[in-house]
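Letters A, B, C and D name the chains as they come in the text, with residue numbers starting at 1 for each one.
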């Protein structure tokens, strides 16, 4: 209990510090001015979300290989947390896009593939609710998770290859390319902070999943009596 | 070797049952027909517009139709628990998938080729000069759709709401196929048609990647 | 909406999403914990 | 039917649990079945008979514990052992004819000379004259005969029969009993679930009663046949 509260406090501090840094330490960007400060949050959340999905993929593989319940629990936990991060990315994106490009949404490569990614993991969680038997649910959703993750680079490749041929309303140099040193430091600090948040949330969600399986076991026993 | 002979025997069974009733083929063809007609009401199919929209429309229709067509793929095997009989009999469960996806590819390809002339007439796009390229794209895309669809129908057959679930699992996964085949078809329907090799290569890569994944993980999809 | 508002909006909404997610996890945990206690009790009585 | 050489195969279940959702279908089942035994499995509906048979057939994977074949053969040969399985479902295609079904499954199992084998089996199960009718048009009893023929195609050394007499008329039951007797006498290991005493249950050399997923009685450990078979119906 104590340890959890401490970890929570540290994570909160890190996220707060990252926000402070992106507002007050990072220098003003030339073309977008203050608006560019969304970047530290938006892009770092995207990185953390992708890491969460990678964790999910590894957990899925390990489940298929070892068939241990804990990998299944880690799979759902990281998928849900990853989804939360990608949701943040998909919300902050348009908020940034509107003043920067004049529109909320453009079907450009990054946006579209992130959206497809989001849909894939929604399907993953949906599938889990539709299979009753725990072992089968774990196995089949793990397999679907594996297929989804393999699909991600292909989706990205496809959309980037063809969609960027069409002129986007505003063409923006991809952030991250040639970042000024202070900006770079602030960005990587943000990435670190959001990864800490991600790990914390996965741990919390994992505890919940453990509790859920415990309840399931007890329910089984109660029924047996 | 037994993989090939098993696949052959199973493919024979798939084809025999389908061509005996032709249930899948007729329903899919009628479905696409309806979609093609309905689409024409959503925009005016003049020649120039058609060139722009027709490829996307065509592939959307095929994709939706395939999510219907692949539905019974594993559901059918549950009826008399023939899936268990197959699992008991074959030495490699991959044969079950290979046979099904070969059959599905064939059915999809057949549907597409049957509807192509009609489509060409109704939407006024010239298909004859680029027919051989179209067939290649149709094949690669149908194969990809079948690989993903067959594996996912093995999943959805074991869940609740199976009829609704398959499209939900399958369509997002198939975005790359939709994008690539639409783009390649678009360049083939162009005023000055050309072959987009990178698109064709892309479809091939998708097929290879997912076939490998199915080969590696297929047997677990059927586990009990 | 000025640029600064957008930046604030982005940060606040983003944090809100994480916070809400954390709340749902906490909520689900507490419901489950209650159920766990209930089941344990009924099992003990059953024995 | 002259049985070809086949290895004597026993079954070993070690501490098997099988969980289906909230339900424990089997709990800590340990059983050894010697090659050549003809075991009758009795028990109420839901006592785990079907699950045990599906695990023996390697169709279901135990949640815990292991199932293995025992006998004088290498591990590689053990992996190739395919029990003949008759389940509740017929496990044949309704849209194919009896002959097509049997031919398909004999090809899949690399049965030598499938044509002759199918011919002989169709004759044996008494369906020679209906060979080219679709299974869909068959009566329940005829379907069961096709199902049994399918299980025997590859002359398995282990037979797993889940309520094999379901749907058979008295004549069919006698025929089945005779077939099982011959298979038993040729040295094949048979594990079959049955309801109550019948012509077929009298063929058993051993009986086991399952109750709520555990072994409740075994003639090996002193229970009598009669008590096991009649208890299940009570």
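A few notes on this one:
What we mean here is this: contacts are C-beta pairs under 8 Å (C-beta built on N, C-alpha and C of every residue); 3 or more make two chains touch, one makes a residue touch a chain.
Quantities reported herein were computed from a predicted structural model and do not represent experimental measurements.
By number of C-beta pairs in contact, B-D leads over the other of B-D and A-D.
The central chain here, found by comparing per-chain C-alpha centres with the mean of all protein C-alpha atoms, is B. Put simply, the C-alpha centre of chain B and that of chain D have 39 angstrom between them. Averaged Cα coordinates give chain A a centre that lies 50 Å from the centre of chain D. Rounded to a whole number, the gap between the C-alpha centres of chain A and chain C is 17 angstrom. Residue positions 132, 219 of chain A are each in touch with at least two other chains. Chain contacts: chain B has residues 223-224 touching two or more partner chains.
Each chain pair that touches appears in this list: A-B, A-C, A-D, B-D. Residues 1, 3-4, 6-7, 9-11, 13-15, 17-18, 21-22, 25-26, 28-29, 32-33, 35-36, 39-40, 42-43, 46 of chain C are the ones touching chain A in the complex. Across the interface of their complex, chain B is touched by residues 64, 116, 119-120, 123, 126-127, 130-132, 136, 139-140, 143-144, 146-148, 150-151, 154-155, 157-159, 161-163 of chain A.
Looking at the complex, you find that chain B touches chain D at residues 2, 5-6, 9-10, 12-13, 16-17, 20-21, 79-82, 84-91, 223-224.
Of all residues in chain A, those touching chain C in their complex are 15, 19, 32-35, 37-38, 41-42, 45, 80-81, 84, 87-88, 91-92, 95-96, 98-99, 197, 201, 204-205, 207-208, 211-212, 214-215, 218-219, 221-222, 225. By the touch criterion given at the top, residues 132-135, 216, 219-220, 223-224 of chain A touch chain D in their complex.
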